[in-house]
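As written, the chains take the letters A, B and C, and residue 1 is the first residue of each chain.
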Amino acid sequence: MRHIMSPLDFSVEELDRMMDLAGDIEKHPDKYAHACDGKKIATLFYEPSTRTRLSFETAMLNLGGSVIGFASADSSSAAKGESVSDTIRVISCFADICAMRHPKEGAPLVASSVSSIPVINAGDGGHQHPTQTLTDLLTIRSLKGRLDHLTIGLCGDLKFGRTVHSLISALVRYTKVKFVLISPEELRLPSYIREDVLDANHVEYEEVIRLEEALPELDILYMTRVQKERFFNEDDYVRMKDFYILDKAKMELARPDMHVLHPLPRVNEISVEVDSDPRAAYFRQVQYGVYIRMALILTLLEVKVC
Amino acid sequence: MRHIMSPLDFSVEELDRMMDLAGDIEKHPDKYAHACDGKKIATLFYEPSTRTRLSFETAMLNLGGSVIGFASADSSSAAKGESVSDTIRVISCFADICAMRHPKEGAPLVASSVSSIPVINAGDGGHQHPTQTLTDLLTIRSLKGRLDHLTIGLCGDLKFGRTVHSLISALVRYTKVKFVLISPEELRLPSYIREDVLDANHVEYEEVIRLEEALPELDILYMTRVQKERFFNEDDYVRMKDFYILDKAKMELARPDMHVLHPLPRVNEISVEVDSDPRAAYFRQVQYGVYIRMALILTLLEVKVC
Amino acid sequence: MRHIMSPLDFSVEELDRMMDLAGDIEKHPDKYAHACDGKKIATLFYEPSTRTRLSFETAMLNLGGSVIGFASADSSSAAKGESVSDTIRVISCFADICAMRHPKEGAPLVASSVSSIPVINAGDGGHQHPTQTLTDLLTIRSLKGRLDHLTIGLCGDLKFGRTVHSLISALVRYTKVKFVLISPEELRLPSYIREDVLDANHVEYEEVIRLEEALPELDILYMTRVQKERFFNEDDYVRMKDFYILDKAKMELARPDMHVLHPLPRVNEISVEVDSDPRAAYFRQVQYGVYIRMALILTLLEVKVC
């Protein structure tokens, strides 16, 4: 039995097969409409996250299965002092697979070590959120037709952004991926990722301060939020915040075949005027998130559909 | 694609067809038990309302579909600052239709303007709650066999009562409906409804202070709550509150074929001793609420059942 | 139509049939996978209890039915002042059966008196929790092959422990059940249970202070939590707490065919090192809880499966 704690738990070949499956699901959804009849997913969200929770529930319902679970810790047994290990053993009697979000790093790993059903890490604190990364990979592959030979811009808070770190670690496994790291000095990608992930894998990258500089050469622009409170001082924030807001004017600098991704929720880092640009792919990304979660559930449950 | 924001979004003819459909659902529920197989409703309740939420969920489940959603804003992405527009675009990737309750007037309308799935306004602040009005119409039509040639008493807080305003606006489209407006002076129907809706449509109405005065002539009595804090002073409240409490004694003044409706929850404005009176129709009204929501879902999803 | 408020609502013969049914469900789950197609359970949890709620939801989903409900009172109409009687009349329009947990003793009984669907008491304050007792009975019967001729140790807080009181009342109906009551003096079984239940039924029992003393003769050890705040003083707690913690060393005193039960959640009264002991049955107990709830739902809905 397998679990997924990190996007790197699956080899490039395994991910390829999973993305092929997601692609087939996209094309032939009816073929999979009863693949998980009679099966249940438990969504154990110790920390609320509507989008992620509903994406998992949608994935299971699309496969013909059903859902049990909780949406926040106060309605769970955690309030009564039960350990995550005990909870997952109980849930193993109820469901066939489980998606767990927990504010504590490593909680899903602890759960998986005693679980008799597959556990999906649906986000553990600032640590990992593998299905977001799988979603990002599938979106890029679906839009560009490949995961290699790409120039990928990562914009915003590269210091604390969990999704960015995971995406980099996942993409360095493909050939000729170049990164353009777009952030204020204060929010640069941490040196341990630059050194241990990028340099160690001989991956090409450059760092720029302004989004405009980077835009013309990008195949993919991955936007994230820049929170005001992350800046050292108010002056710097005021001076620089516009550098990281994507609007129509900046989109004119980009290639006609560039695509914009965002893990959502977005606040104001992408102007709503960009939404109607055909290159805006952040809502399609949500749809790919459903397909890849369907493929992941089928893979972990070892359900074959012919 | 259509949405429903107000009960007036549908013409009298369209409502007739929808109520015919609800009647057929009541008679032949099995015929519709798989009409929405594989479809999903998202119940997006930014403000809790158990009855309304469960009524929508029951409606979809009765049609063979399934449910995703949230029951209060704190477990939603709204807490992270996401706009209603972005949320509905995300939900459009998950569900086939959505019912939204929101404390802010107009929020469901904003959602419908960018949604790629039908949006049902399940209550937006004190503004509209169209499926309550559809429920009221279906209940009256089912009990009386018609929506015209009726004398309808509306009792309680006619000033702030959203359901009463909507019901009046919906009923003036039928012939020979007469209203008896039963309320304290402080909670009279607002002049803009008396003038713009009743007078403008040449609808007959009278205003009375005491429920007893009105009861003998009514075909339908629509009760609502009179909240103490709506009165100008404590003395008035004490003096008048019994005027608006329906009990067994008052029911003796009413016709044997009058029916009592109430949007629920009731607090004490209808004495529990009235519950066993065959004219008490407020719990049957809940059942009609399920049928009309089933009919509405089928209509908006353009599902035909033969 | 029947409800279940107390485990004693069913005769020994009826319970036998229900446990036979649960046993058949365990052996042939597929036979029951569509027994409740098109039916709905409403889980009305005015007080959160994840395990119990999910157990009921799992039971109904395993039977092919579906679920509506709420997980805590704040998202229910109770907040708007609706009575439990009105709520259940509304829910009767939505669901086919209901499981209600309520902090107030007697609330499910009030509901059942006006309900037109079967009501299951899923815990009312410190009063009754019949499906926990049915779970305990089924677990013992499944593990030992019988409910008579057993020596059953009950350990921990016997004064306030609702599950222990219910289990005793249920087990005295079987022949030759002997109880060993293991608790500190402060938390002894109340005299009204010793006298009115045990003595009145001529049931053999002994009371001991230390778990070690009792262990060698037990067929079943039913563990419960001893809360620190229940002791008269800190010294007593420190002196005695280890008496009531089950660990590997204590397990060596027990018979090879003794089984350990616990209603869960456990905190530290059973050391995790005991989990791998084949005699530890508290997680299997959760599984039996699903089977007995499936059998109960089928029984109350009068669904026959051949």
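Before moving on, here are some points about what is shown:
Here is the rule we use: contacts are C-beta pairs under 8 Å (C-beta built on N, C-alpha and C of every residue); 3 or more make two chains touch, one makes a residue touch a chain.
These are the chains along with the protein names UniProt gives them: A, B, C = Aspartate carbamoyltransferase.
As the structure is a prediction and not an experimental result, all values here were calculated from the model.
Taken together, the touching pairs cover every possible pairing of the chains.
Residue numbering at the chain B/chain C interface overlaps only partly, since under half of the positions present are found in both copies. Centre-to-centre separation between chain B and chain C, using Cα means, comes to 41 Å. Residue positions 66 of chain C each touch two or more of the other chains.
On the side of chain C, the complex with chain B involves touching residues 38, 40, 42, 66, 68-70, 74-77, 79-82, 85-86, 89-95. By the touch criterion given at the top, residues 33, 48-51, 54-55, 57-58, 61, 66-67, 71-72, 264-267, 272, 283, 286-287, 289-290 of chain C touch chain A in their complex.
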